[in-house]
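Going in written order, the chains are labelled A, B, C and D, and every chain counts its residues from 1.
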Amino acid sequence: MQSDFTWTIRVYYEDTDTGGVVFYANYLKFFERARTEWLRAAGVSQQAMTEAHGVMFVVKSTAVNYHAPAKLDDELKLTVVVERLGRASVHFVQEAWRISGDHQELLSTGRIKVGCVNMRTFRPDMIPESVMQRIQAIPDAAPAGKP
Amino acid sequence: MQSDFTWTIRVYYEDTDTGGVVFYANYLKFFERARTEWLRAAGVSQQAMTEAHGVMFVVKSTAVNYHAPAKLDDELKLTVVVERLGRASVHFVQEAWRISGDHQELLSTGRIKVGCVNMRTFRPDMIPESVMQRIQAIPDAAPAGKP
Amino acid sequence: MQSDFTWTIRVYYEDTDTGGVVFYANYLKFFERARTEWLRAAGVSQQAMTEAHGVMFVVKSTAVNYHAPAKLDDELKLTVVVERLGRASVHFVQEAWRISGDHQELLSTGRIKVGCVNMRTFRPDMIPESVMQRIQAIPDAAPAGKP
Amino acid sequence: MQSDFTWTIRVYYEDTDTGGVVFYANYLKFFERARTEWLRAAGVSQQAMTEAHGVMFVVKSTAVNYHAPAKLDDELKLTVVVERLGRASVHFVQEAWRISGDHQELLSTGRIKVGCVNMRTFRPDMIPESVMQRIQAIPDAAPAGKP
């Protein structure tokens, strides 16, 4: 499944470590920026969702493979693909690519499972209907044959 | 004014940047860890204070001078001195020293002004009496002639 | 002195803390992103500068005042103004504004002093001539009557 | 396989997010702090290893499950168990537990695969013999029947 949505960021000093490359934990931040902008592009504000419905998205699991390192000043393109959309969860596959002119290099791949929870109890809760509709309206966001 | 309280930390990859040294913004984290442990040593839990009194400490201003860089694996000693204790604010002077055997080197100096605010309105509020008493009981925490 | 250069960012979960607002140390990151993009807009890549000249910019001091807190999903506009341009240092005044439709609110103000140092010795070194020319070519970057 | 090594940390404001809990990416930092102290306890300094042998450990993949959230001021116990020790890689299983008096609660579990690479080429390289010996001397660090 292909996704048209991408989010581009730059690597700053804050993202790097003394190994001369991006600190690996920061790819989780990059992936989240992309998911947030993907939601925003669909018209969903997480802050507004929490205020209106008392629920929020929390990350349940992350799995990231690091193929090649990014460096200071690199331009990274992040992808967002929904692998599975449930009533209270969304499973994402995301990639980080280095963009250099016409050349692209895959740097890391992540599988991020997000759950919708009650903001007070942290127990699973259904994704609000209005949010669900906006997610389903994203091209390729709700793959055929998945709930 | 001298303070006996110090807090020791290690420098990890997460703290460094591609310049090969600790990323300068992270000294603010180090200083806060020391202030938190200084409060904890005095019997004050910020989480408990917020739950019991609806107030929390927020940083109003920071001023940090960087004298020499810390590197991966360095052991740092952080100091906490109260320069001024007000009814709704505390002004700290803090230092970060590199410890290497018998040798010590001053790496950075910070002046951090903290205010007590209502957790909802973010407006200044008085430091709870029980917290104030614990702070004043810290040796050298409430310098003579200061409110 | 007015500067035309601004850099816009979004506040993500990674930037916030349990107080419900942006963690204060992160404004130093935001300010640096803006300075980096300001340099990039002038045609200066810090990575390239280090590789070509063996020097890099390091932060010598920071002073930040926090006026109002930013929250998740806020759109922030960051400004970059050069207060003083020396042979081996640049002094910046920077502001963070929250943008909300037509409304703008000043959230924090920072004074950041940056030095150019040899990448190995960390001793002060002159800003490379080619970099200096690019900085001076930025409108308002080199205020009259300042070295 | 049981491991005796644990590393205890505190949760500070810097670790939390506006959801009121520890930001999930930060468990990768916590796990790394524990691995670093585990290596240090075995007499291995990563900085020294890089300087002496020109190699460093880099993270190749991470997989983390989040069971329950940690909050400000929580005391966390981190475990380090070697699942597999290869000539150029170490596979870890790590856990984060909340300690509260006699009570312990499992918060997250991570599987971290670390590779030894040449510091310039980032290509896989053998773990230096002296480092390997120290790791193997850690009780339970080199499980029977594994290379």
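Rule of thumb we're sticking to: a residue touches a chain if its C-beta (ideal position, glycine included) is under 8 Å from a C-beta of that chain, and two chains touch if they have at least 3 such contacts.
This one's a predicted model, so the numbers in the text were calculated from it and none came from an experiment.
Enquirer: So what angle, to the nearest 5 degrees, turns chain A so that its CA atoms land on those of chain D?
Expert: With C-alpha atoms aligned, the rotation comes to 180 degrees.
Enquirer: Comparing centres built from CA atoms, which chain ends up most distant from chain C?
Expert: Farthest chain from chain C, going by C-alpha centroids: D.
Enquirer: How big is the gap, in whole Å, between where the Cα atoms of chain B centre and where those of chain C centre?
Expert: Result: the chain centres lie 25 Å from each other.
Enquirer: I'd like to verify one number: the distance from the centre of chain A to the centre of chain C, where each centre is the average of its C-alpha atoms, in whole angstrom.
Expert: 28
Enquirer: When you check chain B against every other chain, which residues touch at least two of them?
Expert: Within chain B, the residues that touch at least two other chains are 13-14, 19, 21, 25, 29, 32, 71-72.
Enquirer: Where on chain D does chain C make contact in their complex?
Expert: 13-14, 16-21, 23, 25, 71-72
Enquirer: Flag every residue of chain C that touches chain B in the complex, lowest number first.
Expert: Within the complex, chain C touches chain B at residues 19, 21, 24-26, 28-29, 32, 56, 58-66, 68-69, 119, 122.
Enquirer: Which residues of chain D touch chain B in their complex?
Expert: On the chain D side, the touching residues are 10, 12-14, 29, 32-33, 36-37, 40, 45-48, 71-73.
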